[in-house]
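Next come two complexes built around subunit A: one with subunit B, the other with subunit C.
== the complex of A and B ==
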């Protein structure tokens, strides 16, 4: 090695020998990992960049004198983006933005409350617990499109729901009722998902903690607030984060259950789909990018503010620093749950 | 810890650099693709050899027999079936994707009649000289019109479809009415007479298809055309802000207001409205011919089997105007063996093949003569009114941006029927919207 480099490096804590070791393994690791990273680049990075590029172009918007569409795509800079926010499309965009946010907030809150309740029920030891657990999970196992068709049948004009409530509510028409039908169907389907993850979190809580609480004379509510909730929080936050990300890009449920072009339930994903179906790929890519940024910002804020430990980096970052022993243990429980959730959402929600 | 991160950064750099190379490649190919398009679509219809036929899912099971008949006669120019999904939007999407990739995977396309303008304007389908289709003059003129863009032929109509008025003969006879109504006023008067019968308890007068989807465009167009209006006039200009259009739309709006059309009809597509008629909840129903055999089933699924008949749609002052349905066969601009393709299309359009097709599938033919065939009329009692319906039918707006136009029509019609927007405001807004969609 040269003389100057170690001199420059001297203030740094690492000794010289370890630096050289790093360079050797680094190269080997790069070679060994490059196929994986190349695949990731092809399946993740490339589509994102291609979509970003597409969103700067427009094609097929004008006819020539013979009535033929002028061929070739044209670079329009950020116009596809500015068009989203102004005029008629702006009205449509903000309506869809509101709907998307509304569904996310309302559905996730309801699902969280119900999911936690389901998990508490499932965690109790009682006769027939297996059957209860399995039946709670059935809605989650049904593909969204199928459950959307199922609920469409329930909500149709002469359907079961109207027969039960005794009046004819036209659920699939514009208005609060179509929003409500989406909330009901989405909550029915995905509360079990939160229940499943929270149940996994509950089972990592050792029984001794509860016994100690009992000895100290804590009542049920205190036990829930002071022991169950803090200990199950990492798992719950991961579950809620995944639900938020899923609901932000909700598409198939409103599309099938209520229908396309309905202002009451149109979401951002549906706008992007509609543009693409009308062969305007530039604006469609712009809509998709705006949605992508929205999802990314929400996910970032959620992780930063609530500290959801999705990839287990907290454990790696601060080994021992600051956190009390109990805290560290429940953080350790999170990564495996995060991984379970990831493989679950991979099935498509 | 630290060294892990530093080389992770290094490999990330490799990954980014690699993807930039990919991106550059993608940009290059994209630009090449878009700059060289279009020139092949005006080529002559030449080349012989095997071809493919792209069509929506064949639910009848009869199509393979038709293709086998062609293949037996043309061993060197066999046609291969490419079956697309059942849903029309998904079929269009696959055809558009193929065209944009300039793929020759599909030779002959089975297209919905409303796609012609978009596909022709984008030069995704080849113009067909009219002298290459010898039987063109024997087809019903309205169906040939659907295959034209700016007066040039881009396809050959193979099947057609028109709206029919289904009505309850048992109740009309009991109320002393001999003939089906020819106008809306007559229909409403008939309903009032029938309403006094005890059997009519809980029934509504009329329904079409009013859910926010393509069927609403059809029903809205029929109402406006039947009142003497136009959505798009002969010069291709939007023309909905007229007294005729208003009269047509108001007929439907008033139907909802007075209860002649049931409230639930705003959620009806074809099947929901058919069920309502079969369950005896409707006196009159506007629907397609396919309902006839289903409503006549005696297995208990229909309460009106043998108790109904069909007539042409009623209009404002006389017989109404139906919207045209059906399918045209067109040739992919980027396909090989176009000479074989046009021969195949003529084969499928021939009288013999169309007769075989209606016998097996009950799909309406485009040959005028087949509607007068006595054996067919016996098998399909609705053929005479269907012929009247199709002869007087009008195509839906022939526009390049059909997807946007039909969405705009649905939005305006839906708001008016829902009572949230007054009919004249809905129409003047629609006029503005259509002008922005159709002018360029």
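== the complex of A and C ==
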């Protein structure tokens, strides 16, 4: 055949199988998927690459060695990165890094505990479940900015919170109390979300399992630890992973609730935003890249160590849906690279 | 926590614990004057609406492809799409901001709409794929036996039947886009183009220095109410959608 390689593949395979309705779908799939992939390339891939490039440049005006003004971007190599870690900006960076990590760890732990508790309560309370569910969804649906304002008002010096606990703490100023206010607000907003996802996981556990446990004489705690948790784990891990990634890029809440340029709540996102808003794109891109790498590393570790099956989810679903759907065809040739790779990520852990 | 979700929107109009003199003055303040809140709402609607529509149009095709067609590298595509939703917004915003400054897109709707697709599209594709998978494939096969092309089968049979799933995805996407803050904040500096979220966060009081909590809260209620109503009406659907995307 004189056709080029990728095209040649299809005609070769074709006669081996019976004609099916989705025959020769490779090209069709490529056509149908291209808009999505194109958009994602423009809004995700391009920015990432551009950020990497940008982070090696310094824009704006500078004086060169002879005191002349240099216009436009200048290649500065890794200087933006090294600048991040030292001197005054170094302090700012490590502080923001610490804050980001602090919020992520504290918030996600709290949210997970509360979320699981909520899910357990919801799974039990059959009466008025709709109301409970609605009230759980409401904080999730409130825009973060609005909930930040809400909490800002709650945490006013003469606000409700102080009135209730009978103190005069200046919550949204600086220091540990403003950190705490962020943690409370974030937990309020997103613990229900975890609860909801866990609830969905809980509902997939058949009642027989619990009956069996009861017959075997397990107490409530044992049941929870030995049955509920392992069975709910996949759902929980995915929920927690999403939350971790979300909290790592936390921006709106501290930005509105406490404000910019506050040491105690400044996160990496805010730092990068601040630099960008001041037209220092190079450092901003460097900060953003550092955050991006941080997020990627955390996500990778999370998936590797705990085996959160985010991508494998798709693979696991595939044969399930395939029963009535696709019918995985018996390819006598080796399975596609995609399937192999995916099953590796899924099973490897 | 659940209680406070219900309590706060109702008593947030006054700075007292109890809304003693109930008044709609705050609401009047919000819409009157020059803080451009009405305009902001309209902007929010335009942005979130366009994001939703674009996302659905593009995402539906992709999701259907992923759910039905069998092709090489499908898992990789799916993995890529999911992964893209996890990138921190700021690392996308910074370079896009610079690009948009260069092509004079700052203070335009498209500057807010296009970056929003970065999180809306993966979400929608992921959700819709789950929905399409649940639909029996015999439907299209029957349609095609009756002489439809695959494209026709998709258009005439699947889309009408998938309407609930599409609708759910639309709500979730819309909520996500409506709540978007970072992009809208970065890409605009003119009041007339900012979304409601940004405007609310930048309210200044009538007297300048005091915190205008009254009108902020009123504005917050206005911004939130459409979402809360949507959530209450369609909570079952939304739960289905969220869990389809998150777990299953």
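Assume the second predicted complex is superposed on the first by the 261 of 349 C-alpha atoms of A that agree within 3 Å, B and C clash if a C-alpha of one lies under 4 Å from a C-alpha of the other, contacts with A are read in each partner's own complex, and residues count from 1 in each chain.
Going forward, a residue touches a chain if its C-beta (ideal position, glycine included) is under 8 Å from a C-beta of that chain, and two chains touch if they have at least 3 such contacts.
Keep in mind that what you see is a predicted model, and the values were worked out from it rather than measured.
By the touch criterion defined above, A:259 lies against subunit B but remains apart from subunit C after alignment on the C-alpha atoms of chain A. Of the two partner chains placed by the overlay, subunit B and subunit C both lie in contact with A:42.
Looking at the superposition, the partner that touches the larger set of subunit A residues, subunit B or subunit C, turns out to be C. Residue contacts after overlaying the shared chain place A:297 against neither subunit B nor subunit C. In the superposed model, A:133 makes contact with subunit C only, not with subunit B. When the two structures are aligned on the shared chain, A:212 is found in touch with neither subunit B nor subunit C.
Within the superposed three-chain model, A:50 lies in touch with subunit B and with subunit C [touch as defined at top].
Once the two complexes are overlaid on the shared chain, A:238 sits against subunit C while remaining clear of subunit B. Of the two partner chains, neither subunit B nor subunit C is touched by A:109.
Once the two complexes are laid over each other on the shared chain, residue contacts for A:288 go to subunit C alone; subunit B is not touched.
Judged by the document's definition of touching, subunit A residues 21-22, 25-26, 29-30, 33, 37, 40, 42, 46, 50, 59, 156, 158, 277 lie at the interface with subunit B and also at the interface with subunit C. Of all residues in subunit A, those touching subunit B in their complex are 14, 18, 21-22, 25-26, 29-30, 33-34, 37-38, 40-42, 45-46, 49-50, 53, 59-63, 66-69, 71-73, 156-158, 168, 170, 172-174, 259-262, 274, 277-279, 316. Within the complex formed with subunit A, the residues of subunit B that make contact are 1-3, 6-7, 10-12, 14-16, 18-19, 22-23, 26-27, 30, 34-35, 37-38, 89, 93, 96, 118, 120-123, 149-150, 211-213, 263-264, 266-268, 272, 400-401, 403-404, 407, 410-411, 414, 418, 420, 440. On the subunit C side of its complex with subunit A, the touching residues are 1-2, 4-6, 8, 12, 15, 17, 58-59, 61-62, 64-84, 86-99, 114-115, 117-118, 121-122, 125, 129-130, 133-134, 136-138, 140-141, 144, 150, 175, 178-179, 181-182, 185-186, 197-198, 200-201, 211, 213, 216-217, 220, 223-224, 227-228, 230-232, 235, 238-239, 242-243, 246-248. Here subunit A touches subunit C in the complex through residues 21-22, 25-26, 28-30, 32-33, 35-37, 39-40, 42-44, 46-48, 50-51, 54, 59, 114, 130, 132-146, 148-150, 152-154, 156, 158-160, 163, 188, 191-193, 196-197, 200-201, 234-235, 238-239, 242, 245, 248-249, 251-252, 255-256, 268-269, 272-273, 275-277, 281, 284-285, 287-289, 291-292, 295, 299, 310-311, 313-315, 317-318, 321, 324-326, 328-329, 336-339, 341-342, going by the rule given at the top.
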